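The following pair of complexes shares a single chain, chain A, combined with chain B in the former and chain C in the latter.
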Partner chain A sequence: MTSPLLDKLNTLDRRWIFLSMALAVLSPILLQIGSDETPSPPTIKLFDEIERLPEGSRILMAMDFDPTSAAELYPMALSFTRHCCLRHHKLYFVTIWPTGKPMIESTIKAVIGADFGSGDRPYQYGVDYVNLGYLAGEAVAISQISSDIRKARPQDARGTSLDELPIMSGVISVKEMDLIVNASAGFPGGKEWVQYAATPQKVPIAVGCTGVQSTQLFPYYPDQLLGLVTGIRGAIEYETMLAAKYPNPYANRSKRPAFLRGGAQRWAHRLMIGLIVLGNGIHLANRYRRTTHP
Partner chain B sequence: MSKTVPVLIASIVGCLMIVAYFSPPLLPARQMAEDWFTIVATIAIFLGGANLCLHHLKKISDREAGWGFSAVTLISFAITIAVGLLKIGVVPESEQQIKLAWSGPFQQEGSGFWWIYQYLFSPIVSTMFALLAFYVASAAFRAFRAKNLEAILLLITALIVLVGQTRDREITSLFLPPPAEGTPPYVPIADLTEFIRKTFVTAGQRAIMIGIALGVVATSLRILLGLDRSYLGGDE
Partner chain C sequence: MNRETRFWTVLFLGGCLLLAFQSLRTERGVGQQFVVRVDATTGKIIPPAADASDNSAAAVKTVIYEPASKDDPEAIWSFSRTSGIWIAALLTLCVFSYLYRDNVCYKLAESIIVGVSAGYWIVTYYWEVLIAKVLLRLSPELARYAFLPDTPADAKADYLCIIPVVLGCMVFCRLIPKIAWMGRWPLAFVVGTTAGLKLILFLNADFVRQIRSTILPLVVFSATASGGSELDWKQSIQNIVIVISVLSCVTYFYFSVEHKGIVGRISRVGIWVLMISFGASFALTVMGRITLLTMRLQFLFDDWLGLVRI
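And then the complex of A and B:
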């Protein structure tokens, strides 16, 4: 039995698959087709906690990611920071990734610089937020700041002594934080913050992580992790809740990068499902051909 | 002697860290040990850098296959270090600082190092990660085949999770009777995805984590007691 189509599919050049994937990802980005999500309980819990905390609560924002995982984690970092600023919490930015400092600076610029740097109650550096920068030592650095921040980092990222910053008044260690929010791309990250800071110091922690990392962190939820926001889907969920609570201006597409990335992910997933089904269809057809016409 | 002293240091510091975790008065000693860790780890950067240079210089001198990549690595390494150390393009940031170029931070926006990060490092690593999507798609088409029972189970699970991760999962509720007014529609595949995650994935992950933790305890005890000296290198 001959089937020209089957023969052609058997020897399909993989560049066609690459082209299909490029189109599946590019088209939604160029046409601005986004994707919305229904919030899941682990994401809702973090959102509700930030809402519940009284204004001026201290939140440690640990940005442990780099450009490799920024596609998933940067929109999350923006949403977390926006939400905290809307509730006027005090923010302490830190990273234990050597390549993470520009991610903090970019987040501060995109959120505080653009939306909260002016107005009735502008966010002031050293008063409402501080950038502690990069802490060397991976898990040991977390352990150090969980017992004494000044031992690990006597100055902020700008070289100003922590004692000169009003926001650091009364802050000795992680214990003084009301919440730790961690955007984690791997090691060291969410797991280490749970093990070396949050659990020993009994500080609530929520993690936003990449999709592939979620299986490693779900065992900690809901006992040791207050909330867990996973991958671009989690980022969309958070944006959806932010847009529902603060529609002006956060329902605007330009303020929803995860929503726009979700469209590309949705079409890429559809293509993957199609390819798996097609691949197995070819496999079964080949088996049938071998069985009936050996 | 060259082996005994490092083993003693490892044992004493290891025991100190364990005891200090439960005894607050020993906190300053623990903090000192953590400071020393950071210092030793920083020194290791120089060893790593030297090792990188030696490895690639040998490849270049031996004209091994792909020696050109080694040359690119060494040149990039040298340029990045020079730009960072010499603080090229850095300007004083605040009035508190001395008005000299070197007084600003090396990663300052607009500096040479910042430029390397923004326009070289960031696009390169993002591209490398993005390429995964293409290879995963190709692998999904060619290798993800229902060849035996295990492969079929994996395939079905993967399809459920893939559909369950996007809004397309709501298609599955179209085949069900409409929900009562005010209640969200029941999405079977979403529940199934959640069931897989909570039951199989989390259980498997917990088993792995507990196994690793037990292994870490056993290995740590061997190191503290000086029975395992493999971390010192050599044949021991």
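And then the complex of A and C:
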């Protein structure tokens, strides 16, 4: 049996697949096609908890990610921070990743600097939020701030003594936090926050993680994790809820980076499913050819 | 000229033409970045015309540069930010070029990433560990004078910090063959303390709590609005699936009994559960990689080329 099409597909250069994937991702970006997602229970639980906490609650924002995982986690970090600021909670930013420092600064600038730095009740540094910066020591650093924050870090990221900051008065360790929100890209991250801080100190924790990491963290939900926001899909879900609750201005596309990445994701997945079907079709056709014309 | 060279030449010339066309077509230009000068103390914008002869401008101690639109009358063109965008864009293209084949541009980008990462980590550890954790504890006065002026005047020295410093220095003994044995002591300390810390926390947070999370009711009843109860079939199925999955996976990894008969059939179910979880992990990994590609393409077509306007 001769089939020129099958022969051509058998010897197809893989670079055509790269090109088709680039076009599948690029087209929604250029045409500004986004995607909304129906929120899943683990995402809803975190959203509801931040809504439920009384104004002024203490939330530890652990930003354990770097530029390589920012595609998934930065939109999440923006949404979590925006939501906490809308509820006027006190925010304690910290990272156990050396590369997490610029991520904290960027999040603070994009959310507090742009939307909450002025107005009737502006967010003030040292009063409403603090950047504790990078804690050296990986998982051991988590254990240390679980018992005494000042031993792990006596000064904030600006070099100011923690005792001089009003937001730190009455705060000795992680125990004083009402919630830990962690954006986690790997080790050390969500798993270590659960093991070293949340479970021993009995502090509620929710994690926003990369897709790769989520299968490691799902066993902790719902007993040890209050909520789990997974990959870019979770970020879109959180943005969808934020836009529904606070449409002005969070329904605006410019405030929804994950939504804009969702369209590309959808088309790329469609292409991939098509390629898997095509690949299996070619395999079956080859097998048929071999059995009928050995 | 062979086919390969022809391809690269056409691609390069096409790219240059696209860039030239785009920079002529839009007012914003390609990768052009503008900033405003802001007085860090007052938060007020400093007009671009103000120079050293202007007393008010000269009085400003700290100036920060904030991103601005080109149309902003106070905006000035930023060489450093424009260069940054161009370098980032060209390096992104260098990395993408690997999809065609391995080449010198990709190797260059790879080497730059390794070098920059190493430099960043060294600087971070210098400030965060050597200065903040060692010098600040051993000599707060020196730390305040030389590096951290906001260190409280009443900060006291903590000489216990010498022990980890000595242990840290002992690691370098491995470089001298005669005293290399001393390098094993700090490693033994690290292994011992990490094992002890991990064991306790793992037993509590993972072992005990995870077993407890798996002990679930197989038939769940939920309360109704009328005060009665009804079968929550959704939760019941979920619990049954969790219990069966855990038991079958544990059976698969139980090697004291030959996997035959009923044990073999249960471990077969365990393989299926594992395969499904590997599939889910792989699919989620692909999702993450596509998001990365999306971010880079957004950067190229929005921040650099200015073809996307939200």
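Definition applied: the second predicted complex is superposed on the first by the 294 of 294 C-alpha atoms of A that agree within 3 Å, B and C clash if a C-alpha of one lies under 4 Å from a C-alpha of the other, contacts with A are read in each partner's own complex, and residues count from 1 in each chain.
As a working rule, a residue touches a chain if its C-beta (ideal position, glycine included) is under 8 Å from a C-beta of that chain, and two chains touch if they have at least 3 such contacts.
Just so you know, these numbers come straight off a predicted model, no measurement behind them.
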### Query
If you stack the two complexes on chain A, which partner ends up touching A:Val212: first (chain B), second (chain C), both, or neither?
second
Q. Just chain B (first), just chain C (second), both, or neither: which does A:Thr99 touch?
A. both
- Task: With the two complexes superposed on chain A, say which partner A:Ser20 touches: chain B (first), chain C (second), both, or neither.
- Result: first
- prompt: Once the shared chain is lined up, is A:Gln124 touching chain B (first), chain C (second), both, or neither of them?
  reply: neither
Request  = Pick one for A:Asn10: touches chain B only (first), chain C only (second), both, or neither.
outcome  = neither
*So, does A:Gly159 touch the first partner chain B, the second partner chain C, both, or neither?*
both
Name the contact category of A:Val194: first (chain B only), second (chain C only), both, or neither. second
Interface residues of chain A shared by chain B and chain C, listed 18, 21-22, 25, 68-71, 99, 101, 136, 140, 143, 158-160, 200, 211, 215, 219, 231, 233, 265, 268-269, 272
Residue positions on chain C within touch of chain A in the complex are 99-100, 120-121, 124-125, 128-129, 132-133, 136, 148-152, 155, 194, 197, 201-202, 204-206, 209-210, 212-213, 277, 280-281, 284-288, 290-295, 297-298, 301-302, 307-308, 310
So, in the complex, the side of chain B touching chain A is made of residues 21, 27, 30-31, 34-35, 37-38, 41-42, 93-94, 96-97, 105, 107, 109, 114, 117-118, 121-123, 125-126, 128-130, 133-134, 136-138, 140-142, 144-147, 155, 158-159, 162-163, 165-168, 184, 197-198, 201-202, 205-206, 209
In the complex, the residues of chain A that touch chain B are 12, 14, 17-18, 20-22, 25, 35-38, 66-71, 99, 101-102, 105, 136-137, 140-141, 143-144, 147-148, 151, 157-160, 200, 211, 215-216, 218-219, 231, 233, 265-266, 268-273, 275-276, 278-280, 283-284
Chain C partner, complex, touching residues on chain A are 15, 18, 21-22, 25-26, 29-30, 32, 68-72, 98-99, 101, 133-134, 136, 140, 143, 153-155, 158-161, 163-164, 194-196, 199-200, 210-212, 214-215, 219, 223-224, 230-233, 253-254, 260-261, 264-265, 268-269, 272
